[in-house]
Amino acid sequence: MDSITLIAIISILTAGLTISIGVIGPALGEGKAVATALTSLAQQPDVAGTIARTLFVGLAIIESLAIYCFVVSMILIFANPFWDHVIAHGVGK
Amino acid sequence: MDSITLIAIISILTAGLTISIGVIGPALGEGKAVATALTSLAQQPDVAGTIARTLFVGLAIIESLAIYCFVVSMILIFANPFWDHVIAHGVGK
Amino acid sequence: MDSITLIAIISILTAGLTISIGVIGPALGEGKAVATALTSLAQQPDVAGTIARTLFVGLAIIESLAIYCFVVSMILIFANPFWDHVIAHGVGK
Amino acid sequence: MDSITLIAIISILTAGLTISIGVIGPALGEGKAVATALTSLAQQPDVAGTIARTLFVGLAIIESLAIYCFVVSMILIFANPFWDHVIAHGVGK
Amino acid sequence: MDSITLIAIISILTAGLTISIGVIGPALGEGKAVATALTSLAQQPDVAGTIARTLFVGLAIIESLAIYCFVVSMILIFANPFWDHVIAHGVGK
Amino acid sequence: MDSITLIAIISILTAGLTISIGVIGPALGEGKAVATALTSLAQQPDVAGTIARTLFVGLAIIESLAIYCFVVSMILIFANPFWDHVIAHGVGK
Amino acid sequence: MDSITLIAIISILTAGLTISIGVIGPALGEGKAVATALTSLAQQPDVAGTIARTLFVGLAIIESLAIYCFVVSMILIFANPFWDHVIAHGVGK
Amino acid sequence: MDSITLIAIISILTAGLTISIGVIGPALGEGKAVATALTSLAQQPDVAGTIARTLFVGLAIIESLAIYCFVVSMILIFANPFWDHVIAHGVGK
Amino acid sequence: MDSITLIAIISILTAGLTISIGVIGPALGEGKAVATALTSLAQQPDVAGTIARTLFVGLAIIESLAIYCFVVSMILIFANPFWDHVIAHGVGK
Amino acid sequence: MDSITLIAIISILTAGLTISIGVIGPALGEGKAVATALTSLAQQPDVAGTIARTLFVGLAIIESLAIYCFVVSMILIFANPFWDHVIAHGVGK
Amino acid sequence: MDSITLIAIISILTAGLTISIGVIGPALGEGKAVATALTSLAQQPDVAGTIARTLFVGLAIIESLAIYCFVVSMILIFANPFWDHVIAHGVGK
Amino acid sequence: MDSITLIAIISILTAGLTISIGVIGPALGEGKAVATALTSLAQQPDVAGTIARTLFVGLAIIESLAIYCFVVSMILIFANPFWDHVIAHGVGK
Amino acid sequence: MDSITLIAIISILTAGLTISIGVIGPALGEGKAVATALTSLAQQPDVAGTIARTLFVGLAIIESLAIYCFVVSMILIFANPFWDHVIAHGVGK
Amino acid sequence: MDSITLIAIISILTAGLTISIGVIGPALGEGKAVATALTSLAQQPDVAGTIARTLFVGLAIIESLAIYCFVVSMILIFANPFWDHVIAHGVGK
C-alpha cells in the first residue's frame, strides 16, 4: 500500500469514528438537560423564561463539544494537512 | 489489494458504523426527553404549550447530533473526496 | 481475494451490523417513551389526547434514527455505489 | 478460499448476528412497555381501553425495529444480491 | 480447509451464538413483565383478568423475538441454502 | 487439521457456549419473577392462587428460552447434521 | 497437533467455561429470590409456609438452569461422542 | 509442543479460571442473601428461627453452584480422563 | 511504510480519538450540572442569580477539560513537532 | 520452549489470576454483609447476639468461596501434579 | 522503522490517550460537585459564601488531577527526554 | 528466549496484576463497610462499641482476601518454586 | 529494534497510561466527597468547620493515591533506572 | 531482544499498571467513606470524635491496600530480584 492510500483510509475511518463516538456524550447530556427542563417547567411554570434561558445556554455549551468533534471530522475529510502534503509532494509513492 | 478496493471497503465499513453507533446516544437522549415531557404533561396540563415548545426545540438539537453522523455517513458513501481522487488519478492501481 | 468478493463481504457484514446495532438505542428510547406515556395516561386520563399526540410525534422522531440506519443498510445491499463501480469497471479483477 | 465460500460464510455469520443482536433492544423496550402497562392497569382500571390501545401501538412500533433486523437477516440468507451475482457470474472461482 | 468444512463450521458457530445471545433480551424483558404482573395482581386483584390477558399478549410479542432467533438458528442447521448449494455443486472441493 | 476434527472442535465449543451464555438471561429473569412473587404473596396472601398460577405460567415461558438453547446444544452434540455428513461422506479427510 | 489432542484440549476448556459462566446467572437469580423470601418472611410471618413452598419451587427451576450447564460439562468430560469417535476410529492420527 | 504438555497447560489454565470465575456469582448472591437476612432479623426478631432456616437452605443451594465449579476444577487437576488417556497411551508423543 | 506516512497516520488517528473520547466525560458532567441548575431554579427562583453564576463558573471549569483535549488534537494536526522534524530532516525516508 | 518452562509459566499465571479474580466476588459480598449487619445493629441493638452469629456464619460461607480459589492457587504453585509429572518423567524435554 | 519514527509515533499516541482518558474522571467528578453545589444553594441560600468557597477548593483539587495528565501529555510532546536523547545521539538510526 | 527469562517475565507480570486486581474488590467492600459503620454510629451512638467491634472483625475478614493476593504476589517475586527450580537445574538454558 | 528504543517506547506508553488511568478513581472519589460536603454544609451550616476539616483530610488522603501514580509516572520519564542502565552499559545495542 | 531488555520492559509496564489499576478501588472506597463521614457529621455533630476516629482507622485500612500496590510497584522498579539476577549472571545475553 502506498502512502496516499494509507492516509486516505485512516482519514476516512477516523472521521467516522470521531463524530459517532463524539455525539454519545453530548446526546446523553442534552437529553438529561432537556428532560430536567421539562420537569422544572411543570413544577414552576412561573419562571419559564429563566428556565428556558438557562437551558438554551447550557445546550449551546454542550453542543459545542459535539461541534469540536464535527470540526475535527470535517478537517480530516476536507482540509487534511497530511493528505495535502502527500498529494503535493508525492511522498512514498 | 489495490487502492480503490481498499478505500471502498473502509468507506463502506465506516459509513455503517458511523450511523449505527451515532444514533445510540441521540436515541436514548430523545427517549428520555419525550418520557419526561409526558410526565410533565400529566402533572401540569395547563402549560402543555410551553412544554411542547421546549420539547421540540430540545429534540431538534439532539436530532442535530444524529444528523451530523448521517451527513458524514452520506459524504463517505456518495461524496467521498478520497474516492474521487483515486478514481480520477488512478493512484496505486 | 479479488475486489468484487472483498466489497461484497464488507457490504454484507456492514449492512447487518448497521441495522442490528442501530436499533438498540431507538428500541430502548421508544420503550421508555411508551412506558412513560402509559404511566401518564393512568395518572391523567383527561389529557389522553395531548399525551398520545406528543407520544406519536416523539416516537416518529426516535424511529427516524432507526430509519437512518435502515436506509444506510439498504443502500449498502441494493444501491452500493462502490459495488456498482467495481462491477462496471472490473477493477482489480 | 474461493469467492462463493467466502460470501456464504459471511452471509451466515452476519444473518445470525444481525437478528440476535437486533432483538436485545426491542426485547428490553417491550418488556418495559408491557410492565408499565400492567402497573398502569392496576392503578387505573377505568382507562384499560386507552392503555391497551396505546400499548399495542407502541409495541407495534418497537416490534418494527426487530422486523427490520429480521428482514435484513432473511435477505442475507434467501435473497442475497451479492450471492446471486457470484453464482451467476462465477466471479473469482 | 475445503468449502464444505468451512460452511459447516460457521453454520454451527452462528447457530449456537444466535440463539444464546438472542434469548438474553427476551428473558430479561419477560422476567420484568411477569414480575410487574405479579405486583399488579397483588395491588388490584379485581382486574386479574385484564392483567392476565395483557400479560399474555405482551409475553407472546416478546417471545416472538426469541422465536425469530430460534428460526434463524434452525434454518442455519437444517435448511441452510448455502450448505445445500455447496453439497449439490461441490464448489471449491 | 482434517474436516472431522475441525467440526468436532467447533461443535464442542459452541455447545458449551450456547448453554452457558443462554442461561444467564433466563436465570436473571426467573430470579426476578420469583422474587416479585414472594413480595406479592407477603402483600396479598388472599390471592396466593392467582399469583402462583401466573408465576408458573411466566416461569414456563421464560424457561422455554433456556430450553431452546439446551435443544440447540444437544443437537450440536448428539444430532449434528454437519457431523453426520462428514462422517458419512468422509469429506476433506 | 493430532486430532485426539485437539479435541481433548477443547473439551477441557469448554467444560470449565460452561460451568463457570453458567452459574453466574443462576447464582444471582437465586440470591435475589432467597433475599426476597427473607424480606417477605419478616413482613408476613403468617404465610411462611406458602412463601417457603413458592421459594423452593422457584429455586428448583432456577437451579435446573445450572444443572443444564453441569450436564453439558459432564457430557463433555466423561461421555463426549466426538472423543469416543476419534478414539475408536483413530481419525487424523 | 507434545500432547502431554498441551493438555497439562490447558488443564491448569481451565482449572484456575473455572473456580475463579465460578465464585463471582455465588459470592454476590450469598452476600445479598446474608445481608437481607440481617435486615429481616432486625425487623422481625420474633421469627429468627424461620429466617435462619430459610437462609441456610438458600445458602446451601447457592453454595452448590460454587461446588459444581470446584468439582469440575478438581476433576481437571486430579482426575482428568483426557490426561489419563494420553499418559496411558502416549498419544502424539 | 516510510516515517512521514507513519507519523501522519498516527497523528490523524490520535487527533480524532483524543477529541471524541475526551468530550464524553465533560458532556455528561455538563449535562448533569445544567440539569441540576434547572431543578434548583424551579425550587428557589429567588436565588436565580447566584445559581446562574455558580453554574457558569462550573461549566467553564468543566469545559476547560474538553478544551485541553481540543488543544492537544489541534496541536497534533497543525503544529505537530514530530511531523515538523521529519519533514525538515527527511528522517527514515 | 520445553515442557517444563511452559507448565511453569502457565502455573504462575493461573495461580495469580485465580486468587485475584476469585476475591472480587467474596470481597463485595462480605462488604455488603458487614454493612447490613452494622445497619441492623443500629436499628435493633437488642438482638446483637443473633445478628453477630448470623453474620459470622454467613461470612464463613462466603469466605469459603475465596478459600476454594486460594486452595487451587496453592495447589498450582506447590502441589501441581502436572509439574510433578514432567519433572519426574522429563517429558518433552 | 528506525528509532526516531517509533518514539515519535508512541509519543503522539500516548499524549492523545493520556489527556483524553485522563479528563473522563475529573469531568464526571466536577459535574457531580457543581450539581450538588447548585442543589445546596437552592436549599440553603444563606450559606452561599461557604458553599462557593468549598466548591472552588474542591474543583481546584479535582482539576489538579486533570492538570497532571495535561502536564504529562505536554512533556511527551514538547519536552520528551527520550526523543531528545535519540535526536542528540542518533541511536538506532 | 531462554527459560529463566520467560519465567522471570511471567512472574513479574503476574505479581503486579495479582495485587492490583486483587485489591479492587476488598477496597470497595471495606469502603462500603466503613461508610455504613459511620451511618450507624450517627444513628445509634449508644452502641458505638458493638458497631466498632463488628466493623473491625468484618474489616479483618475482608482484608484477609487482599492478604491472600499479597501473599501470592510476594511468593511469586521472592519464593517462586518454579524460578528456584530453573535456577538450580539450569533447565532449557 | 535495539534495547534503548524499546525501553524508551515502553516508558513513554506506561507513563501516560499510569497517570491517565490512575486519576479516574481519585477524581470520582473526590467528586463524591466534595459533593457530600456541600450537601452536609447545606444541612448543618453550624458545623462548617468540622466538615471542612474532615473534607480536607479526606481529600488529601485520596489525592495521595493520585500522587503515587504521578510519582511512578515521573520516575519512568525522568529517573528510570532501567533506562539509565542501558544508556550507561550500552546493552543489546 | 536479550533477557535484560525484556525484563526491563516488563518491569516498567507492570510497575505502571500495578499502581494505576490498584488505586481505582481504594480511591472509590475512600471517597465513599469520607462522603458518609460528612453526612454523619451533619446528622450527629455530637459524636464527631467517634466518627472521625472510626473514619481515620477505616481510611488507614483501605489506604493499606493501595500501599500494597505501591510497594510491589517500587519493588519492581528499584529492588527487582529477577533484574538483579540477570544483571549479576548475564543470563541469556
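Observations on the model:
First chain written, first letter: the chains are A, B, C, D, E, F, G, H, I, J, K, L, M and N, and each begins at residue 1.
Following the convention adopted for this analysis, contacts are C-beta pairs under 8 Å (C-beta built on N, C-alpha and C of every residue); 3 or more make two chains touch, one makes a residue touch a chain.
All of these numbers come straight from a predicted model, not from anything done at the bench.
Contact with both subunit C and subunit I is made by no chain of the assembly.
Common neighbours of subunit H and subunit M under the contact definition above are absent. Taking each chain's centre as the mean of its C-alpha atoms, subunit C lies 37 Å from subunit K. One finds 43 Å separating the Cα centroids of subunit E and subunit L.
Separation between the centroids of subunit I and subunit N, computed from CA atoms only, is 30 Å. Looking at subunit I, residues 1, 11, 13, 15, 17, 19-21, 24-26, 28-33, 35-37, 39, 41, 43, 55, 59, 66, 73 sit in touch with two or more other chains. Taken chain by chain, the contacts form a single closed ring in which each chain touches exactly two others. All chains join into a single ring; listed from subunit A onward through subunit B, they run A, B, C, D, E, F, G, H, J, L, N, M, K, I. By the touch rule above, subunit C contacts subunit B in their complex via residues 1, 3, 6-7, 10-11, 13-15, 17-22, 24-26, 28-33, 35-37, 39-41, 43-44, 46-47, 50-51, 54-55, 57-59, 61-62, 64-66, 68-69, 72-73, 75-76, 80-82, 85-86, 91-92.
Those residues of subunit N whose C-beta lies close enough to touch subunit M in the complex are 1-2, 4-5, 8-9, 11-13, 15-17, 19-21, 23-39, 41-43, 45, 48, 52, 55-56, 59, 63, 66, 70, 73, 77-78, 83, 87.
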